[in-house]
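In the two complexes that follow, subunit A is the common piece, with subunit B as its partner first and subunit C second.
Let's turn to the complex of A and B:
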C-alpha cells in the first residue's frame, strides 16, 4: 500500500512540483497552499504523514501543528521549511512534530522520513488496537 | 555613548536581522522551487519519459520566473545592506517608498495586508540618514499593518512639506483607534524621530499616520 501524504505550503509552484514527484514515486499525495484547508482535510482523511511549511500567510505552521496534534496526537507531521532555526526546531518537537527538514530538501531523504513516519504511525495504531482488544477481553472476563 | 545611541543601535540591529532573515527565507523558497523543478526534469530523463516540448517549456519558464524573483530579492537585500555605508545621504522619496514596499512585502503578505505605494509625481529629495529612515518607516509600517483593519490595505504616499521637507503618509488605516494611538510612537520610534529630526503625527480622523521629515538632517535649509 502506498503512503498517503498531505503537502501544505503557501508556495503554489513548490507544492505542485513536489506533489508530482512524490506521486511518481508511488505516493498518494494531496496538496494545498492553505493551512486552514489542510486542517479541514485532516478531519475527513487519514494521512500517513503531513508535510508542513512553517511560515504561511493564513496561519503560522507551528500553530497549525499545535491544532493538528491537539485534534489527533497520532498524526505524523514533518516540518519542511526555509527558516529552520534551533528555537523553531525545539518548539516544533515540543509540539509533537515527527521531524524537521530544511528547504531545499533532498527528495530521497524526505521519502525516507515519510516511510519512517508511516511505520511509526502503524506501530501506534497497532498498540492502540491491542489495548482495545485487551480491554474488551478483560471486560468479558475471559 | 549615550543611552539614546544604545536604543538606536539595538533596534537597528534587530531591524537588520529581521529584514535579512526574512529575505533569506524567501531565497530558500525560490531555491526549493528550482530544486523540485530541476528534480522533475531529472525524473523524466531517468525514467526515459519522452519529453513533451510544451511541458519542457513550462518547466523552463518556471525556473526562469524563480531566477528573476531571486534576483529581485538579492537586489533589495543588497541595497538594504549598503544603506549603512554612509551615515547621511540624499534620498529620493519616490524610489525609497517602492524600495520599502519590496523590503517589507513578505511581512505584509504574512499578515494578509497589501501595501500600496503611491510615489509622488515630482522628485522629492532629502538629505537624511538612510538606514535610520528605513528603520523608522518600517516601524511605522509595522504599526500601520496592525491598524489596517478589515480593509487590509496600507497606502504609502509622499508630498512636499513646509521648509522643503517631506511628509510620508500611511493611509487607509481603517482599524486605527484611540487606544492604539496611545501606544504609538513608542520609545523606539521617538529615539529615531529625534535622530532624524522627524515627527510622527497620528490623525485618527483621516485614518492615517504622517511622518514629517526635514529637507536636511543637519538642519541646513
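Let's turn to the complex of A and C:
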C-alpha cells in the first residue's frame, strides 16, 4: 500500500516537482500552495503524512501545524523549511510535529521520514482501534 | 624604565583623535591655571609681608639708635654743663683776692674734686692772658696764653670747652674755661683741666647692641674718647664727619670694613664734640634674618605643597577623565560594532533564508531530471547526463551548506539572554530527538536536581549546544544505546551538564582535536566536522567551558560548564571566524 502524502508549500515549482518525483516513487501525493486549502483537504482526506513549509504568505507554518494538530492529533506533520532554527524546531516539536527537515532536502531522507511517520501513525491507529474495540467489548458487558 | 616613565600618566601619550580631547593640553591648562591662582597671591602676600617686616625691623633699629644717641647726648651735655656751671659758680662766688691766693685756689680745687671729680688742675688768667695763679700738679704760674686760639675764642664767647688733648701726664684731658667780667670792663678767666676718664666711662658703660661703638669726635673727626673699632684717642676716624644738625640724626652708611653700618650722631651744643654711635647692620638684622628664613621656608614649603597637590590632583582627575572617556569611546565603538554586526547578521539571515527556497527548487528540478533519466531506459545508461545532474545536486548541497553557515553566523550575533531552567531546555531538545531515540531504542535518562538554579543564557544557543551534543552521542551509539544527561551546580557561579554515552568512544589521538573545525571521523558518512567546533565556539561565547573524557569502545562523556550569571561583555565576533567555523 502506497503512502498518502499532502505537500504544502507556497513555491509552486517546488511542490509540483517534488510531488512528481514522489509519485514516481510510488507515493500518492496531493500538492497545494495554500495552507488554507490544505486544512480543507485534511477534513476530507486521510493522509499518512503532511509535508509543511514554515513560512507561507497565507498562513504561518507553525500556525497551520497548530490547527492541524488541534483538529486531529494523530496527523503526522513533517516540517520542511529553508528557515530551520533550533528554536523553531523546538517550538514545532512542542506543537506536535513529527520531524523537521531543512531545504534543500534529500529525497531519500524525506522518503525515509515519511515511511517512519506512516509507521507511527499505523501504531497509533492500531492502538486506538484496539482501545475502541476494548471499550466496545467492555460496553457490551463481556 | 626611568622614574619619569613610571609616573607618566596614561593620557600623556594618548593620541589625539576625533571626539577625544587633547588631554595633555587640558592638563597643562589645569595645572597652569591652578598654580597661577594659588601661587600668585601667595607669592605676592609673602613678598609684601617680607617688605613690611624688613621695613619695620629697619625703622625699629633706627629708632632705637636714635633714642640711644639722644640719651647719651643728654648725659654728655649734662656732664659738661655740670662742670662749666661749677666753674661759673666758683668764679662769681669767690672774691678775686681769694682766687689769687694760691692756698685759696688749692682749697677750691680740692672742693671741686670732692664734689664733681675729674678736675685735674685749675688756674686763674688775667685779661692779658697771663696765668696769675695756679693750683695743680704742675708749676704753670706765669704762662702767657694770650696768643692762643682758645683764649681768643674764650674772650669772644665768655666760655670755652677745648678738644681733648694729651696733658703733661699723658692722660687725655679737656679744658673748660669761664670768664668773669669785672665792673671796669676788665675780666679774668678761670681755667680748669678735666680728665676725660669719667667721660670715657660714661660711653663705655653704654650697652650698644649690634657690636656697636659709642664715641665722641671733634669737628675734625679726631677721636676724643677711645673707640672699640675706630681707633684710639686722638686718632682720626675712618668715617667721614657727619654734617651739622641740631637734632639727633641716624643714617645708614658704610663702615671701615665696607660693611653696612647704622650711624647715629648728635652735635653737642656749646662744645666741639660730636657724639657718634656706630652699629653693625648685619648684627642688628640677625633677628630679621631668622624671620626672613622663616618666611622663605614657609614660601618654599607652601609652593612645594601646592605644586605637589596641584600636579597630583590634576594628573589624577585628568587621568580619570581620560579613562572614562576611553571607556565611553570603546563602549560607543562596541555599540557601533555590534549594531553593524547585527544588521550584517540580519542581512545574512535574510539572504540565507531567501536562497534556500530557490535552492530547493533547483534541487527538486535536478532530481526530477535525474529521475526522468533513471526511469527511462534510453537515458539510464547515459552516464554523462547523470553526472551533470549529480554535479548540479552536489552544487546545490554546497550552496545549502553556505546558507547554513550564514544562518549560524547570524544566529551567533544575536544574543538574547534570558533566565531559563536547564531542565526545561534539556527536555525541549530531547523532544526534538525523542523520536529518533524511540526508533533506535536508545534509552535516555535525565537527572537534574530540583534545587538547580535558573541560569541566565541564550535559549537558542543553549538548545543548539545540547542538540549537537545529544546528536553526537546518538551518532556514536548503536541501537539500544544508553545516554545519561545529568546536571549539577558546580559552585556559586556555575553549573555543569554532563552527557555520557556508551557509544564507540574517541581515541586518545582524536580527543585533543575533536573541537577543531572540520575535524571529523565521519566525513565519509556525511559528517561535516563542524558540529563540535560550533558547540565549542558557542559554549565559549556564553562564557562557559566544555571538557571531554573518553575511552575507545566504552563511550564518551562531555561536560559543559556554564555561568549562572550571563557575562555582559559579550562581544561581536569576527565575521570570518564565524563563517568558517559555522
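In the analysis below, the second predicted complex is superposed on the first by the 142 of 142 C-alpha atoms of A that agree within 3 Å, B and C clash if a C-alpha of one lies under 4 Å from a C-alpha of the other, contacts with A are read in each partner's own complex, and residues count from 1 in each chain.
Just so it is clear, contacts are C-beta pairs under 8 Å (C-beta built on N, C-alpha and C of every residue); 3 or more make two chains touch, one makes a residue touch a chain.
None of these values were measured; they are calculated from a predicted model.
With subunit A as the common reference for superposition, the partners subunit B and subunit C occupy clashing space.
In the overlay built on the shared chain, the residue A:20 is in contact with subunit B and with subunit C.
In the superposition on chain A, A:99 makes contact with subunit C only, not with subunit B.
By the document's definition of touching, of the two partners only subunit C reaches A:116; subunit B does not. Look at A:57: by the touch rule set out above, it reaches subunit B but stays clear of subunit C.
Applying the stated contact rule after C-alpha superposition, one finds that A:107 touches each of subunit B and subunit C. With both structures placed on the common chain, the touch criterion links A:129 to neither subunit B nor subunit C.
Taking subunit B and subunit C in turn and counting the residues of subunit A each one touches, the greater count comes from C.
Look at A:72: by the touch rule set out above, it reaches neither subunit B nor subunit C. 11, 13-14, 17-18, 20-21, 24, 55, 82-83, 102-105, 107 are the residues of subunit A that lie in the contact sets of both subunit B and subunit C, per the superposition on chain A. Put simply, subunit C touches subunit A in their complex at residues 353-357, 359-365, 367-368, 371, 375, 396-397, 400, 403-404, 407, 411, 428-429, 431-432, 435, 439, 459-460, 463-464, 467.
Within the complex formed with subunit C, the residues of subunit A that make contact are 11, 13-14, 17-18, 20-21, 24, 55, 81-83, 85-87, 89-90, 93-94, 98-100, 102-105, 107, 116, 120.
In the complex of the two chains, the subunit B residues touching subunit A come out as 21, 25-29, 31-37, 39-40, 43, 47, 62, 65-66, 109-112. Residues of subunit A that touch subunit B in their complex: 11, 13-14, 17-18, 20-21, 24, 55-58, 82-83, 102-105, 107.
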